[in-house]
Amino acid sequence: MQNNLELENKIAEKIKIAFQTAEVQVQRKQRIKVNLNEDLVHPFLTFAKNTLSYKHLSHISCVDWIEDNQFELVYILLSYDSLVQIIAKTRINREKAEFPTARNYWPQVETYEREIHELYGINFVGNDHLVDFVLEDWEDLPPMRRDFDTVKYSQEHFFNRPGREDAQDVRKTVTKHSGEELPDLAKIYSVRN
Amino acid sequence: MVEIMISIPVIFVTIFVGAILTYLIKLIMPKVEAYFALLVSAATSYMAFALPKTESIYKFNLGSFNLMWGNNEYSHLFAMLVAVLGFFVVLYSMDFMAGKVNLGFYYFNLLVSIGSMLGIVYSQDFLSLFIFWEIMTWSSFMLVIYAQDEKFSVGIKYFVFSAIGAYLLLTALVILYTNSGSFLLEDNINNFIYLSSQNQILVIIFLIIGFGVKAAMMPFHVWAPDAYKAAPSSFTALFSGALSKMGIFGIGLVLFKFAIQNTDYFTYFQFALAWLGGITALLSTFYAVFQTDAKKLLAYSSIGQLGYIIVGLAVGTPLSIMSALLLTILHGAFKAMLFMSAGAVYYRTGLLDMNETRGLIRKMPLTFLTALMGIITVAGVPPLGGFVSKWMLYEALIQSNYYFLVIIIFVASTAAFLYLYRFIFSLFLGQEEKEFENVKEVPIKMIIPMLLLAGFTLAVGVVPGFVLEQISKAMGYLGIQTPNWENSVLFSNWENSSVNLMSVATSIGILFVLGAIFLTIKNYRSTRYVTTKDIHTSGEVPTENENLTFAVNFYQPFERSLGSVIKPSIDRIFNLIGKNIESAADYLRYIYTGNGQTYAMYVILFFVVLILFADLMFGFKF
Amino acid sequence: MDSFWMKILGFVITPLVAFAVGVTYGGIVRKITARIQNRVGPPIYQNLLDITKLYSKKTAVNHGVMQHLGPVFAITASVTSLFFVPVLRDSSFWFNLSFDGDLIFLLYMMVFGSLGMALGAGQTGNPNSAIGVSRGLALMVGYEIPFVLSLVALMIQFQTTSIHGLLAVQDTFSSWIIFQSPFATIAGILAFLGMMHYAPFDVPFAPAEVASGPASEFGGKYLALMMTSGSIFTFVKLVLFVNIYFGGAEDLLTLILKTFILYMIPVLTGIVNPRYRTEQAIQFFWKWPTVFGIIAILIVVL
Amino acid sequence: MREKETTLYLGPQHPGITGNMMVKLKVTGDTIIKAETHVGYLHRAFEKLMEARNWMQCFPIVCRICVPEPDPNEENLARIIEELEGREVPERAKYIRVMVLELARLGTYLLWMGGQSGSMGLYTMPQWTIGDRDYILDLFEALTGGRVYHMYIWPGGVRRDLPEGFKDKVLKTMDYLEGRLKDYDDLLFDNALFYKRAKGIGVIDKSKAMEWGVVGAPLRGCGIKHDVRIDEPYEVYDKLKFVVPTAEGGDVWARALVRRQEFEQSISIIRQVMEQMPSGEFYNKVPNPLNWKVPAGDAYVKTESARGEFGYYGVSDGGLKPRRMHVRGPAYVHGVSLLERILVGANIADVSFIMNSLGTCPPEIER
Amino acid sequence: MEITYDKNAQEILSTIKSFARKSSLWVIAYGTGCGAIEIPPTMTSRYDAERFGIRGSATPRQADVLLITGYLAVKTLKRVIRTYEQMQDPKYVIAFGSCTINGGMYWDSYNTIKLLDKYIPVDVYINGCMPRPEAVIQGFIKLQELIMNKKAEGAAKYKENLEWYRENQRKIIHNWRMPEYNW
């Protein structure tokens, strides 16, 4: 797979010429990774869409690098001409998470940004449709942030079937709730504990 | 004593003087005028009912003209319609119009229009008929423009059409007068055959158009929807229920007293008129389907129903004429009911836009009942009265070889379900909204006429005999042989086809009651009433401002299926006509300032000119 | 006096028989549908079970008196129409009130129930119901045209407006109307497809589009009453069409045979066809069926 | 202030909806003025859960992302791990994977045929196709032990080898399905009513299709030939002969035609796979799953699923658990931004129809 | 109005009712979780649930059985409650899969409930992830048995303990805003 990367190198060269500070790396066939500064993302997207004919936006992703106090935004683009995918990455400040929207380039960006806004709390400036996406009346931290503890949350908010987490005898609880005597399953099937 | 009291001049004196007195009383003692008007109309109606049908003839001379007022079976039929509706409308107006400005003016015109309608039906000569006709036009015009200034152009449109009709009438009268030398109906009927055939046709056409304008026949219907909408609902009930029937009265007279004498062309007249009526019925029905204003919808429906009547008259078999006259009476009742219930909704909510009103059924149950019975009657569904007339009409049409007309009529009557459902759905069904929370049932004085009329439609549906009796007498006057009828059994001319309405009604009644009892008794405790907000919305809970009633563009699929060809072209034609008429109306506005006095002056002037130059006109041949 | 009690007995028995036949047909249809779909299918009496279950529902939710009365309208209409259709040709017992089985009367009587149902559906305030009603009424205008054309053609041709007259005609010529006036029959049968509301003309009730349309808010005893009246109404329509076009029937067995064969036409069409969009359904009726109807009339007239 | 347009809720509880989502429609008459997709009814926070699990523990999770067609998810996750580790896969495993993927595609298409025809009231079709889909589920059951969720594709190969006689079973099933195609054609694709309803409905503008992020059959229905299987061949797709069908028009009809032809292509691919499949190992030795560290790095892999390009973006920080795993299902774009756009101006009757033709699958939108 | 039947007649009547209820189970079309994918096979030609009188119904007003086909996200739970309350008595709930019983593989997810019977009464649980169509049908048969023995009284339980259920429901559904349950 590592042979014949001419096309990829050519595109990488073009990007390097246009964006001096960008780290461009041909990852493998059909994959180019570009690391960009925060302020270069929009010029780069414009460049990719208009000059390199990257018409298709596959993906916008976000990674929480809590150690570095940074969010990483990942834009994955595809050109139907060269079929080479560009993975453009940038890091933004985690405390004051704001980023200009890319809604004007691709309409479906709105949805991605809505989701990232909801799950990470990044505010996309210029996108006026950052309403609830998958969650409803969410009051806690944005759940995909790494400092959000999902186990704790679920134990606090939901009823857990007793016996689920610390393997205690389920039967009593079940009997209490349903009024039915249950056989001792542990003995019958000799399961763990 | 009573016999002396009740005569036609007394009726006229009662109502016209009563009208003037009402106006004066309003000036002196406000709030009493409504009761006085009710008294006047009650007295008039009573007298109209009690008036002997044949003996009460009143002859007098005006200048050199012999004039005659008299009652006959045919007049009596229409007089009763006018009397009953007039009384009901005045009763309804008492609450409906309470608190409005210029009430003296309103009651004056209302009473005058009732009086003039009685005048029309009692006139036995063309001159007084024409004068009463013009008084009727004038008073109704006043009521059309009564409410607001902006409706003035609407009024003008109405007026222009009325004036066209009036002048056509007048022209025809002149021709007739030149022929017979008398305005008396009888003389003219007898001397009609002496007119040249050409003139006969001309007279008939002019008369039919002249009368047909009031009956909103299709090419001359343009004024009707707007005028019906502009007038206060109380008057619209009379307007559509009785006033438009004056046109039918005239057409009936023309067809069976005059046109029938022209044996060569009578079938063509019939044919043309029948198709005109059929097309009127069809197109106006389709128009009604796409209306958003409740009163306009009813107005188009009214035009359509008048189309049926015209068809019935034109087809000219005994059964069809009977159906037409029955429908005339019934239409007076049910259209008044419907306009009154629309008016009741307007009275409580101030809305007539069917996209806005909704969910009033529990607030106004009796109004809903009226509207329900109204639409069942219009639709012609048994066991209410509409079915009787529809049935007769179909039987008559099929038997007299109007094959395609019957299809058209049938399609119109099926499509009528669309707008009728829309009407009742938009006003009374659907979501119950917060903004109508405080709506109550209308006062009793408005309810009573509505319910009485509803009862009448039911009675006609079950035992039509009591109306058919009057109608067959009226047909006797027109010289038409009466078809078979029995108290509650309908017979077609063909063998083995009859409907026993009594058993239909009994069956429906028993089953309905049984079903209702069964449904109510069974688990009656567990039947739960919930609000209309508690509906299946796919599990979601709608927010406050979301509209859950499906009202806007209710019949879009139907509209689309009519295709891109038919609908716009019809639209275009009528928009074009409407626009031209309106601009013409604007032009004529300079002449018709809308001031009643000016118009009255014009009319008088015209008559003076007519009488002065009568000799000159005599020599004029068309 | 004897005949009076016989009459009363007829009033009681006819609806029951109609209901039984209608329900059984419903079950058979479900069975046939299942067989075509490679399935075993429910038992034939499944519809009866469904109706019984719906009657035995403990609660019934209504949104007001019109919804409460809507199903009553429906059952009234279906049973009344049944009373006025001559079920068997020469039997006085099955004749009930159908003095002459007037066609125009029946055409209007059949609407009575739909009107009540539509009003009931309207009162629930469910937008799906209103859309369903709007579709249903529009569709009705669609199929009424060919149907009326067909009926008018027959009425003119045989100079009668009653089913009884048409039956007599078929008796005297001893051939059914389908042979005497094929075009009218085609138009009538095509309209019949729409009247039965099977696919492709099931637009008012389309589940994937408007939940179940007018019936969206009806459950429990209301739905049960609707299904009961639906079963009877199916029977009424079948008998009506058999009487008009296929010579009626002299005994119950023939009747059941004929109605069953007739019933299979819309059912089998429905199984293998998707649903039209509303305007397409209406336009369908305004094309060929209408043309056939007009041809039928022209043949008669010329 | 009350709105003038009627609000119609299509879903979550509605027979016309695919899966569990909601389309809120504003209509006048039966024309849609505005459509809003609401998702999240199936949100299980998979991406969050994956961050809390081992790499291998992620496999039971990812297959639940797309319920009708779970295998592309497994394939993607496996390939991310392989790419980050540079792990080679035996040739036989590759063939088996292709077979599994294509079987899953067939199953999804059968389900789609059922849904598409069910949404327009042709209820016989789902009865047939979903019944026939069970034969494919039977194959899966024989192969993996699970009907719906397989957890079969592993990093470094597949979990088990083909059972005995499996090849014959597969070929027999393929013959059967090919035979059934004629029935499907008669009932659905050759049905004039289907053409009438589908033609010109839900049109995607060809010039906008790429920018809007349309993938899969809807994109090919616009006449744009794009398929991950040939554009970025994975596994052994470059060794197989198949055609990528396209159709013009961008409407429901075009999408249906494309899927119909792909159905045949998939059958042919499976036949080729069964023929060419080499013997040998079906997996590479892998580390202890409980102590499996994947080198740090990130990778984007994509698979052509039945509904279009299925992409996974995975980030590893060199630990036992994924740092981030982001799933980009085709329905993500189709079901939200595209659906909202093409529903405007459509008829109420066509909402569910269009939704089915786009292959909207809510669980992969919200995960 | 109390109609007093003969004791036997009453029994027979109630048996007939139970039999009708059991043999005609209308399932509301609501695919709440991944278990929804096994509903089509159950309903269609291979397994043909219509044999047992099981068929789909479009709206909750007509339905008897609510299938919870898997985990419930909090957002869905609200709709499910709404749907359940709109159904008419007698109504039954069949819950699918491990995730309705104890959270299943989503035991630590922040968005799915773990114990369904705390929120709505469940008549029959079908375990497995996901249950096969055979299991689904067996679940239905179990429900039929319960109906026949008059033990499927989930709705009555709900009515009695409405306060308790409400408390639990409101604990996770913050923005309630629902019409009240009134029967």
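Note that the chains take the letters A, B, C, D and E in the order they are written out, and that residue 1 is the start of every chain.
Simple rule for what comes next: a residue touches a chain if its C-beta (ideal position, glycine included) is under 8 Å from a C-beta of that chain, and two chains touch if they have at least 3 such contacts.
Remember, it's a predicted structure, so these values are computed and weren't measured experimentally.
Counted as hops between touching chains, the shortest connection from subunit A to subunit C is 2. Under the contact definition stated at the top, the chains bordering both subunit C and subunit E are B, D. Think of each touching pair as a link: the shortest run of links from subunit B to subunit D has 1 of them.
Among the other chains, the CA centroid farthest from that of subunit E is the one of B. With every chain reduced to the mean of its CA atoms, the largest distance from subunit D is reached by B.
Ranked by the number of C-beta pairs in contact, the top chain pair here is B-C. Taking the mean of each chain's C-alpha atoms as its centre, the chain lying closest to the overall protein C-alpha centroid is C.
Separation between the centroids of subunit B and subunit C, computed from CA atoms only, is 36 Å. Mean C-alpha position of subunit D lies 30 Å from that of subunit E.
Averaged C-alpha coordinates give centres for subunit C and subunit D that are 44 Å from one another. Residue positions 134-136, 143, 148, 150-151 of subunit A are each in touch with at least two other chains. For subunit B, residues that reach two or more other chains under the stated contact definition are 526, 528, 530-531, 533-534, 536-540, 548-551, 554-555, 557.
Residue positions 6-7, 12-15, 30, 40, 43, 45, 48-49, 52, 127-128, 131 of subunit D are each in touch with at least two other chains.
Taken pair by pair, the chains that touch are A-D, A-E, B-C, B-D, B-E, C-D, C-E, D-E.
Interface residues of subunit E facing subunit C in the complex, by the touch rule stated above, are 16-17, 19-21, 23-24, 26, 29, 44-45, 48, 50-53, 55, 57-59, 61-64, 86, 88-90, 183.
Across the complex, subunit D meets subunit C through its residues 6-8, 14-16, 30, 117-124, 127-128, 131, 187, 191, 193-194, 196-197, 347-353.
Interface residues of subunit E facing subunit A in the complex, by the touch rule stated above, are 74-75, 78, 101-103, 107-115, 117-118, 168, 171-175. Residue ranges on subunit B touching subunit C, taken from their complex, read 359, 361-362, 365, 368, 372, 376, 379-382, 387, 390-391, 394-395, 398, 401, 403-404, 406-407, 410-411, 414-415, 417-418, 421, 424-425, 429-432, 492, 494-500, 503-504, 507-508, 511-512, 515-516, 519-520, 522-523, 526-538, 548-551, 554-555, 557-558, 560-561, 563.
Residues 12-15, 19-20, 40-45, 48-49, 52, 60-61, 64, 67-68, 111, 114, 126-128, 130-131, 133-134, 137, 147-149, 363 of subunit D are the ones touching subunit E in the complex.
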